[in-house]
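Read from first to last, the chains carry the letters A, B, C, D and E; within each, the first residue is number 1.
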Amino acid sequence: MSAQPQIVMQAKGLIKRYGQVTALDGADFELRAGEILAVIGDNGAGKSSLIKCLSGATIPDQGEIFLDGKPIHFKSPIDARHSGIETVYQDLAVAPAMTISENLFLGRELRRPGFLGKFLRVLDKKKMLEESISRMQELKVGIRSMTQAVETLSGGQRQCVAVARAAAFAQHVVIMDEPTAALGVKEGNMVLELIRRVRDKGLPVVLISHNMPHVFEVADRIHIARLGKRAAVVNPKHISMSDTVAVMTGAKSADDLPEAAHA
Amino acid sequence: AGPVIGLITKTDSNPFFVKMKEGAEAEARKLGATVISGSGKTDGDNAGQITAIENMIAAGAKTILITPSDARAIIPAIKKAQGQGVMVIALDSPTDPATAVDAVFATDNYKAGQLIGQYAKAALGGKNPVIATMDLLPGHPVGAQRHNGFLRGYGLQSLDAKNNDLAKPAEVVCMADSFGDAAKSQTAMENCLQKNPGINLVYTINEPAAAGAYKALKAAGKEKDVVIVSVDGGCAGIRDVGAGVITATSQQYPLKMASMGVAAGVEYAKSGKKVSGYTDTGVTLIAAKAMPGVDSKDVKTGTDLCWGKK
Amino acid sequence: MNTHSFKLPPLATLGPFIALLLACFFFATQSDRFLSAQNFSLILQQVMVVGVIAIGQTLIILTAGIDLSCGMVMALGGIVMTKFAADFGLPAPLAVACGIAVTTLFGLLNGLLVTRIKLPPFIVTLGTLNIAFAITQLYSQSRTVTDIPDSMTFLGNTLRFGNTSIAYGVALMLGLYLVTWAWLRETASGRHIYAVGNSPEATRLTGIPTDRVLLGVYVLAGLLYGIASLLSVARTGAGDPNAGQTENLDAITAVVLGGTSLFGGRGVVLGTLVGALIVGVFRNGLTLMGVSSIYQILVTGILVILAVATDQMSRKGVR
Amino acid sequence: MNTHSFKLPPLATLGPFIALLLACFFFATQSDRFLSAQNFSLILQQVMVVGVIAIGQTLIILTAGIDLSCGMVMALGGIVMTKFAADFGLPAPLAVACGIAVTTLFGLLNGLLVTRIKLPPFIVTLGTLNIAFAITQLYSQSRTVTDIPDSMTFLGNTLRFGNTSIAYGVALMLGLYLVTWAWLRETASGRHIYAVGNSPEATRLTGIPTDRVLLGVYVLAGLLYGIASLLSVARTGAGDPNAGQTENLDAITAVVLGGTSLFGGRGVVLGTLVGALIVGVFRNGLTLMGVSSIYQILVTGILVILAVATDQMSRKGVR
Amino acid sequence: MSAQPQIVMQAKGLIKRYGQVTALDGADFELRAGEILAVIGDNGAGKSSLIKCLSGATIPDQGEIFLDGKPIHFKSPIDARHSGIETVYQDLAVAPAMTISENLFLGRELRRPGFLGKFLRVLDKKKMLEESISRMQELKVGIRSMTQAVETLSGGQRQCVAVARAAAFAQHVVIMDEPTAALGVKEGNMVLELIRRVRDKGLPVVLISHNMPHVFEVADRIHIARLGKRAAVVNPKHISMSDTVAVMTGAKSADDLPEAAHA
């Protein structure tokens, strides 16, 4: 973590208002190459709003976003996707009536080889099904059939579908908004494992979570959001969980932390 | 500006009424009057016609020409208009009772039916009639008058002119509502032919319905053996008579009704003199082939008198 | 689709209201006959029937349903009350009660099919639309009923204030709007209608008997259609078997112009009144301008879209 | 409301199909003329226009929209193609192309209003319904266009196989159903239509350009209405300005009878074909039985409800 | 916890199938007076299905449920509510377009005193608003306005609304399906605190959670669900977290636990 690795994604002074509510109030953000950056904060601190700006789901009222140093202006999640950014949204972006395999490949369907696929653009359902099964097995989720509609899954199972999708297709950055919130112990650990694996492939991961043990287990750096701003970025190896929580809740100021705690 | 005259038709889209409107506008231009037009939304929309009456009075109309959708339900509104000094003239079909309006310039739909009934009987020449009727829509007085008149003219068991029900003697093997629409009439005729392939006489409520029925008969290869009669006498219909699609039709005169109405309205505005009474604008039987004992005019005459694009 | 997310309730009716004012302003510049108390009294009378139907329609649309049968049911009610009075010589109040009972029964039928068999309201009311129409035609033998007692058309009479006049029926309609508005706003049962339309599952889980709420709404709508029958009889002075054929689309137009979401759970019933008035003002104003009726249809089509678009824009501006 | 949750796609079309078989069985017992190849060929011809319109309607309903303008747009297309051929003497293919271009433009207009200004489809198409109707009447001066080239009515001709005959237009309709079915099932763009209808927000977040999907659907529906115009002209042999007035409710009925959810995202286009056939079979069968049209309306009303109820029940049983 | 306190709610042999999926496969359940019973289990173990049966949200295909020893047959959540059972569902049973205060009092609105309330049944919006504010303050959630629509809240804030509702109105039993899943550290602790307070009022609480630290912090007994059955009921004071997880995931059989671990 020394020698300042390259900055992959950066945001400066983001402001986002919803009517009278200011969700982001000049938030900064920095994601470095190959790291797992945890974003933590109280409910309503603006974490989801922040990553929605980063992934093109909403457009900030003010502020700048840079990808690999170049300013970007995502107009929609499509733009972000084209730049290789994959996101798991907190409110589970799945289409309930469609099957698991369809959801996994939604917007990125595989076509049959040869004439059928090239000119008639026929889907390769079999291949998608097979890949779905292997992806989901990686997460060790016991789902019987990939042709089951997502609406028949339990809350945690649905979450797994969204996570598997992001992990499978990201090229540049993976953003996950509370991916383990609904997961059981086993599945939660699988997702943490998956996050590590994605990082090890070289992709930086943004992980939003309220689960401090999880955060301290995987994060390389921790971004603490507070009242729509970035309160501090800390190094989990040099700060205690209780100090982190204290900064998060405002009980302690970031300036009171020892030099080493910052990252 | 000249006097304002309101014209209220049953619908906007029936060519008969469109023609009526054109006739009124042409006459108004000649006499320096203004015609404002309105209509119900569908055939039978009485409430829409009442609203139109009110709005026209508000717009300053002193004469209202109306083709009542509902001969009886419209009367209270007419009474109210008359109470405000407005002259109301019924066009095309009378109110019930006819004295509820100041004057009626109308055509006798029952008689129109009788004429084609008489002609059909002659045309069938003693064959036993097997009849299909393509009627208007449930409960429509014009539909009932033409239908019952046709049966009476043929000499079959029927109902009188005031009756709103459709008579159904044994000779009528299939009755269907065409809504005066070619496509619906075609479907209905196809189904009737399925039911009874021996149909040899088809009565249709108007000429589009006749064209639809003809299409069905032609598809079944029966167009030569079947007599099709109709009512209206629009130019397209007369052309169909000439082409052998329709055997005979009863011609009516919407332009005449309208221009008479406008003239009466201008006169009322000038002199305060109202017209009154019932004026029958007449009906003429048009057929390509004259039948002995039936008084009919040929296609050429029909074309000279017809309304619409010649 | 869910573009209503951040709608502020008090502002929701503002859009349609502005559209109404703009329309009035426009017509006032076009015709000197438009801006008179008497003309407005006329417009109110013209919208009173569809206005009352639209209250029922609003309730149903708030529950994320839709009612296509409303106009036909209204026509049946009118036929029943007039025929009962004319043929059996029932006293007017009793005949009216019978007519309203029939429309309420139709509401009950709609409600039972929607809640018990869980059929989509669109298809249920498409069915009952045909059934009500057929019964109306059969029972009336397609004949208009005219010889009805005066007391039955009482609501069509007007009360004069100086040179203004207001029909009793209009007063009744305005009263019904106010009562419904207060009920929806200020009572638990009213709020439950919003909750059912907004999130039926969540509402069921909080222990509200959603099926009973739905059933109640359909029955109440039937009752309102019965009142509309009476108003229609009073206005036209006759029981008309061909009434009500376009009232369903008219009522839905009024509801939507009034800012109520077709997805349920969002809307204000007073907006529906404004929506009904917009339609009435256009019809009246265009006639006063001497626009022929086929152009009126064209203009109405364009304006329906414009009005809703303005409303939508004004809401976006507010965010 | 969300009672479709556990619908199994392959079984979804089974309910309507059983209803269709039951209806056929019933009519076969009532009339010995019903069960003939020729009669079925006839029924197919009678449903071909509304059948093609209903394909477009299905696409739109799958996106949780609705199109009230379909019939009127179809009528306008028919008038444009016949008048262009009759008045300007354009060769038939060119005139037809112009007609289809106009209906496609209307689809584009609907789509733009829905996606750009985010207006509810119901109100957009209620507006364009009126606009298309008015333009049709004005342009045709309410006159039927009859003197059209034979080549334009080619699709109305029939091809004989022994004692059965099939109209070219029917073959075209069946072909369109198969192509649409395969497209919706087997291609990404087809699946995206389901996704947009099922959960627009989730679909947008996965990066699918939902607005473009919606726009495409409306444009495609417009194109299909143009094809329906051609079929209608071919069938009636004329350009009829009064065509299409009831086709919107008929098409929606077919879609819903076919098991497609009005809430979007669930349904199979072949079900719509079955739904259209159910309506056609009833109209034909009841006429063969000699049922008068007013009773036909009554029966249709009851049967629409029964058919959907059976479908609903059969699905419950499957769960 | 000794001397077997009274059993408040009990279920025997519950079976619930969804099509081919068997969500509950003969599950038993036992809730004692005044306790906090945690229910844990993998995703899809049937926890939500179990409590849906207990709260009347679904009707089990087979099996019996007893409340205070008397057999009950809830047909709908209304029946359960009438018996004083309040539930927080996993999929957040709130009406998004309605305000926070309306959601809190949904189905249990307060009426104005006197004639207005009694005969005209007019709501007492002011009082409901005031009570909402105090309830939400108890949970220390920083929500600006109670007349805000729930759909404008962050995920965690919505969760708080549902929890506050259940805690406020329960008379007999409180059931919470993953109430802390979306909550921040501070808010999560507030909810645990609230659960304890409810227990101290004498009401038993059923808490479903994937958060083992939370479970071990508050639970008196832990019901371990596995594959649609009850695998074991353990006493958190006499079993380690890792043993519990082992039973939950099937790595260890319940029979292998020491006697003292059972509860």
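Annotations
Everything below uses one rule, namely that contacts are C-beta pairs under 8 Å (C-beta built on N, C-alpha and C of every residue); 3 or more make two chains touch, one makes a residue touch a chain.
A quick map from chain label to UniProt name: A, E = ATP-binding cassette domain-containing protein; C, D = ABC transporter permease.
What you see is a predicted model, and the numbers here were worked out from it, not measured in a lab.
Minimum number of contact steps separating chain B from chain E: 2. Shared contact partners of chain B and chain D comprise C. More contacting C-beta pairs link the chains of B-C than the other of the two pairs C-E and B-C.
Although chain C and chain D carry the same sequence, what matters here is overlap: shared residue numbers make up over half of all numbers found at their interface. Mean C-alpha positions place chain A and chain C at a centre distance of 49 Å. Centre-to-centre spacing of chain C and chain D amounts to 29 Å, using the average Cα coordinate of each chain.
Chain B and chain C have Cα centroids separated by 34 Å. For the pair chain A and chain D, the distance between mean C-alpha positions equals 44 Å. In chain D, the residues touching two or more other chains are 6, 133, 137, 201, 294, 297.
Residues of chain E in contact with two or more other chains: 18-19, 152.
Counting partner chains per residue, chain B has residues 12, 138 touching two or more of them. Chain contact summary for the complex, chain A toward chain D: residues 57, 76-78, 80-82, 87, 89, 92-98, 102, 106-107, 109, 111, 120-123, 125, 149, 151-152, 165.
Remark: chain C residues 31, 33, 38-39, 42, 45-46, 49, 137, 140-144, 146, 153, 232, 235-243, 245-246, 283-284, 287-288, 290, 292-294, 296-297 touch chain B in the complex. Interface of chain A with chain E (complex): residues 18-21, 40-45, 48, 90-91, 141-144, 152-157, 160, 178, 181-188, 210-213, 245, 248-249. Partner chain D is touched in their complex by these residues of chain B: 12-15, 18, 135, 138, 174-177, 180-183, 186-188, 190-192, 194-195, 208, 211-212, 215, 219, 236, 239, 308-309. Remark: chain D residues 4-6, 186-189, 191-192, 194-195, 198-199, 201-209, 265-266 touch chain A in the complex.
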